[in-house]
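Before any comments, here is the structure.
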Amino acid sequence: MAGKSSSIAPTTYSPSPTLKVKKKQQQQQQPIFKDVDWVRPDGRSFQHCRPAFLRTGAVNSASGSAYAEFGNTKVIVSVFGPRESKKAMMFSDIGRLNCNVSYTTFASSIRGQGSEHKEFSSMLHKALEGAVMLESFPKTTVDVFALVLESGGSDLPVVISCASLALADAGIMMFDLVTSVSVSCLGTNLVIDPITEEESYQDGSLMITSMPSRNEVTQLTLSGDWSTPKIHEAMQLCLDACLKLGEIMRSCLREATSAPHE
Amino acid sequence: MEFVSPEGLRLDGRRPMEMRQIRGEVGAVSKADGSAIFEMGNTKVIAAVYGPREVQNRGQQMSDQALVRCEYSMANFSTGDRMRKPKGDRRSIEISLVIRQTMEACIMTHLMPRSQIDIFVQVLQADGGTRSACINAATLALADAGIPMRDLVTSCSAGYLNSTPLLDLNYIEDSAGGPDVTVGILSKLDKVTLLQMDAKLPMDIFENVMQLAVEGCKAIANYIREVLLENTKQLEHRRGI
Amino acid sequence: MGVTDVSGDMAGEMEVDAFRRLFPLRFYERHLSESIRPDARPLGKSRDTTVALGAVASADGSALAKIGHTTMLAAIKMEVMTPTSDSPDEGCIAIDFHMPAICSPLVRPGRPAEEAPVISKQLTDVILSFDGCWLFSSGMVNMKELCLIPGKAAWMAYLDIYCLDADGALFDAALLSAVAAFSHLHIPAVSLNDEGRVVSVSEEQVEGNSIKEPLNKGKRKLTLSSTPFALTCILHKKYILADPTAEEESIMETLVTVVLDVTGRLVSFYKPGGAFLAYTSAVQDCIALTRQRVKELQKILIDAIADMELD
Amino acid sequence: MVGLSVGEKHFIQGGIAQDLRSDGRKRLTYRPISVETGVLAQANGSARVKLGGTDVIASVKAELGRPNHLYPDKGKVSIYVDCSPTAAPMFEGRGGEELSAELSAALQRCLLGGRSGAGAGINLSALIVVEGKMCWDLYIDGLVVSSDGNLLDALGAAIKAALSNTGIPKVNVAVGASADEEPEVDISDEEFLQFDTSGVPVIVTLTKVGRHYIADATLEEESQMSSALSVSVDRHGHICGMMKRGGAGLDPSVILDMISVSKHVSDQLIAKLDSEISAAEVDEAES
């Protein structure tokens, strides 16, 4: 029975709708996305982020942790440390930040697709590096591990925001909370906080990671074809959203501290 | 398959005893202590040498001689079919070892105790004889780095197909499955440091094939010496001597 | 808290927390002698347990199970495969247990935790058990129900269980989440397209009859026979501690895991090394504790299913 | 990686502040670029670009594949970069993987445009052979042979040169095949299609050292950076991709200023690169 249970996996496929159906859908959908007044699949307006649910202390065994749910995107981040570095590192008078992002096998609609995001770990590191006061934990490492439980679009921004919340929960000193928001460009429209479906049709995307109260951008990526005024507009949109998200995160932390400890 | 036509020409138009065009160039990587490009026909490799320098891993330090390390890697685009394979597969490890042992034999390691010499070879294009090309490139790079050597090591391969000994096999000839002898020699000392063969071959024919490969090595050694001399002349010229 | 034993005068002046860290075993033994555990539980009591079904929207069946702090997320994805030639009318279940780096300070990315493959194997054994000795406990799921077209197509159920927070009794929580995910499983409706591939059909398409009759009408739920539940106990001296936390597991060594199905039959008994088992009566006691626990868990699961159906 | 003394650091920073860098350049001047095309016989297109001490090779290989069902009228392009240990001993073994992944992701973002293919430097529709059935998959591989800073710009330039060097065999599709069957094709050995590479953007990285930013930083200068912004700009001044590197935060207004500066720099870089590429192609044709 061993062969049947797990050891040799036979080739399987997901019974997704036929190509023909897909094609039909696509022909229907793409023009809609380009229209001026199409409605987003989840009924939001273009400048509306998904409702965010944030909670700290999701994982008891970690020094700090946070759970974030933006629509269908669900993420847990645990922070461990400051603790001894895993690798034998040279002496350093500043601490090290070690980041890792992984996906569950069921995160996306097709099983096991989450492994495509190898660069997310280094992008998470870059986004947080500027905010964390590394000199406050010399010679040691703070590990930030993120697990995307479900991927529903804008995964990396959610991971980054959630990670900074987890760092705050762990009591790691930071200059400011790091918040991140992305914008998709679909035709002439700018759509904030896109879901997976919108991301797969996007013409361009902009992700900004900022420290809202310092008005500083720690990470920024942009792809697709953009004119300068459009970049202006998208950046402003993102920065405003970052500011608001920062407020939500702050109130989440405030609630966590005011709530009576178990 | 016919590898030698009745007119005595090989698939790429060479005579059986003819080597492919070789080209060597010193100083391909500006940041390295020594570097070289070596081409044998379509086979093209880059070698870079770092060192002698402080030993990175203290545990490997040797008090009486230098530590020689070598890593062989193939570029994704180096073969006809594009492939992405993880680094450190068995073949790479084996070739790294062969190159390391061959170069170790000629470097005067006892002159540089407690230090480390890194040799990195990168295959840009593979068309048979990468092993030999890597050794030749490494020799040039070591010489460029000014690392004391007993002699120049050069390498060349020879095979035996259609009852004809063939010098310097290309990829098609190499993959035909016939005997393939790779030889590395110290040309001035006339010593063989590397000899690899992986097929059956009668003793008398083997001697012929090996002799052919040794001749090839000697020709390459002459060429490498010329390249180095030319390089030295240019350096002299630049210094205005 | 008075400390009276030989650990010396030093211990007498120590803070409770420091004592707990320095002399964990004695800290526990002091508690145990009072028949109470540091988290205020009686010895035989399990931690609060909750089950939430349908936690993962993108999966065909999913569940989140919590026992105390230990949290497990299980999700099942159904894919189509060609059945093997020796069992053409059976589907297949692949079970994988993951311990991502977020769950515990002991796990680092890239280096899988030691326990993970062990628990994977145990889960596979229990859920798909075809053990010779237990002729009647032939698995929770009837593999024949996973067949679509004999010899041509069958379901491959990928069950992935992620440990989100590891605080002891991992196997119990993992099994609970797996069982819950199976009871939440809703097999997608599929039909055969012109190219002979199995494709999913949506409800509207079935209504509108635009596509052929679905292959698996009326076979969208699995019948679960004899669902298994587990309880892990620690045997320490004469004490039996049910449902240990991670701290307890690390301090006291002898662990016993008992798996019973709802009818009270023993499905599996697992004792990985540790100290010798002093009394057979201890085993009996463990089984008795498990029997109680199975009733609790069964109720929790039934409530969770009822809750979901209300929604 | 780069061990610099305090004095050397001050020298570099001071030079940048006074608009005279250690190698004599001004802040926004590039090092001399040399381009060599057709360096790999086995690839469909290849180029080697040297930017001062930085030396990279790019190769383009084309294979027939199936288009993505979301975009049946477009071919696929993927970019991978490898850092050879010859460039630096730290890339030995798996040491170069992190940087390779970062560079690959940055290049994909900068050159391939959005998910829908809008803003891509390469006209993806030109890669289609039979709509929905067959297309060319372009595999672009970059190799860092020697590293002296500013790898991203050099790789971008090498890919641009390699693409203009690329010839894709003409494919004749057998007519009469029904819609469901795999189309039968005949790949020509003689006729090759050239790409229009005028739309391929160049990447300009501005590195911020102190209060100023510099173009084309060397390894030493990069070790002193607080942050850097890589912008890919095409011939028409459109931004096709952008990413920030380095830890320190930047004020949004500074970012906008850096974007406009990089646009200005890109004009010169595109002109310089175009003339180098055409010179290299003439060289190749002659040899």
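Here the chain labels run A, B, C and D in written order, and each chain numbers its own residues starting at 1.
Everything that follows uses one rule, which is that a residue touches a chain if its C-beta (ideal position, glycine included) is under 8 Å from a C-beta of that chain, and two chains touch if they have at least 3 such contacts.
Because the structure is a prediction, the values reported are computed rather than measured.
Participant: Need the graph distance between subunit C and subunit D over the touch network, please.
Facilitator: Counted as steps through touching chains, the separation is 2.
Participant: Which pair, A-C or B-D, has more C-beta contacts?
Facilitator: Looking at A-C and B-D side by side, A-C shows more C-beta contacts.
Participant: What is the distance, in whole Å, between the centres of subunit B and subunit C, each centre taken as the mean of its C-alpha atoms?
Facilitator: Result: the chain centres lie 58 Å from each other.
Participant: Cα centroid separation between subunit A and subunit D, in whole Å?
Facilitator: 27
Participant: Rounded to the nearest whole Å, what is the centre-to-centre distance of subunit B and subunit D, using the mean of the C-alpha atoms as each centre?
Facilitator: About 32 Å, centre to centre.
Participant: Which residues does subunit C have that touch at least 2 chains other than itself?
Facilitator: Expected reply: no residues.
Participant: Multi-chain contacts only, two chains or more: what residues does subunit D have there?
Facilitator: In subunit D, nothing touches at least two other chains.
Participant: Answer with line, ring, star, complete or other to describe the graph linking chains that touch.
Facilitator: Here the contact pattern is a line, an open path with two ends.
Participant: Every pair of chains that touch: which are they?
Facilitator: Going through each pair of chains, those in contact are A-C, A-D, B-D.
Participant: Which subunit D residues qualify as touching subunit A in the complex?
Facilitator: 69-70, 72, 98, 101-102, 104-105, 109-110, 112-116, 118-119, 132, 227, 229, 238-252, 255-256, 259-260, 263
Participant: Quick one: in the complex, what on subunit A touches subunit D?
Facilitator: 19, 22-23, 26, 118-119, 122-123, 126, 129-131, 185, 199-205, 210-211, 214-228, 231-232, 235, 239
Participant: In the complex of these two chains, what residues of subunit B are touching subunit D?
Facilitator: Touching subunit D from subunit B are residues 28-32, 35, 42, 44, 46-48, 50, 56, 71, 73, 75-80, 82, 84, 87-88, 118, 120-122, 124-125, 127.
Participant: Which of the residues in subunit C end up touching subunit A in this complex?
Facilitator: Listed in rising order, the residues of subunit C that touch subunit A are 56-59, 62, 69, 71, 73, 75, 77-82, 84, 87, 90, 92-96, 98, 100-105, 108-109, 120, 124, 128, 130, 156, 158, 160, 162, 164-167, 188, 190, 193, 197-202, 246.
Participant: In their shared complex, at which residues does subunit D touch subunit B?
Facilitator: Of all residues in subunit D, those touching subunit B are 39-43, 46, 52-53, 55, 57, 59, 61, 63, 80, 82, 84-89, 92-94, 139, 141, 143, 145-148, 219.
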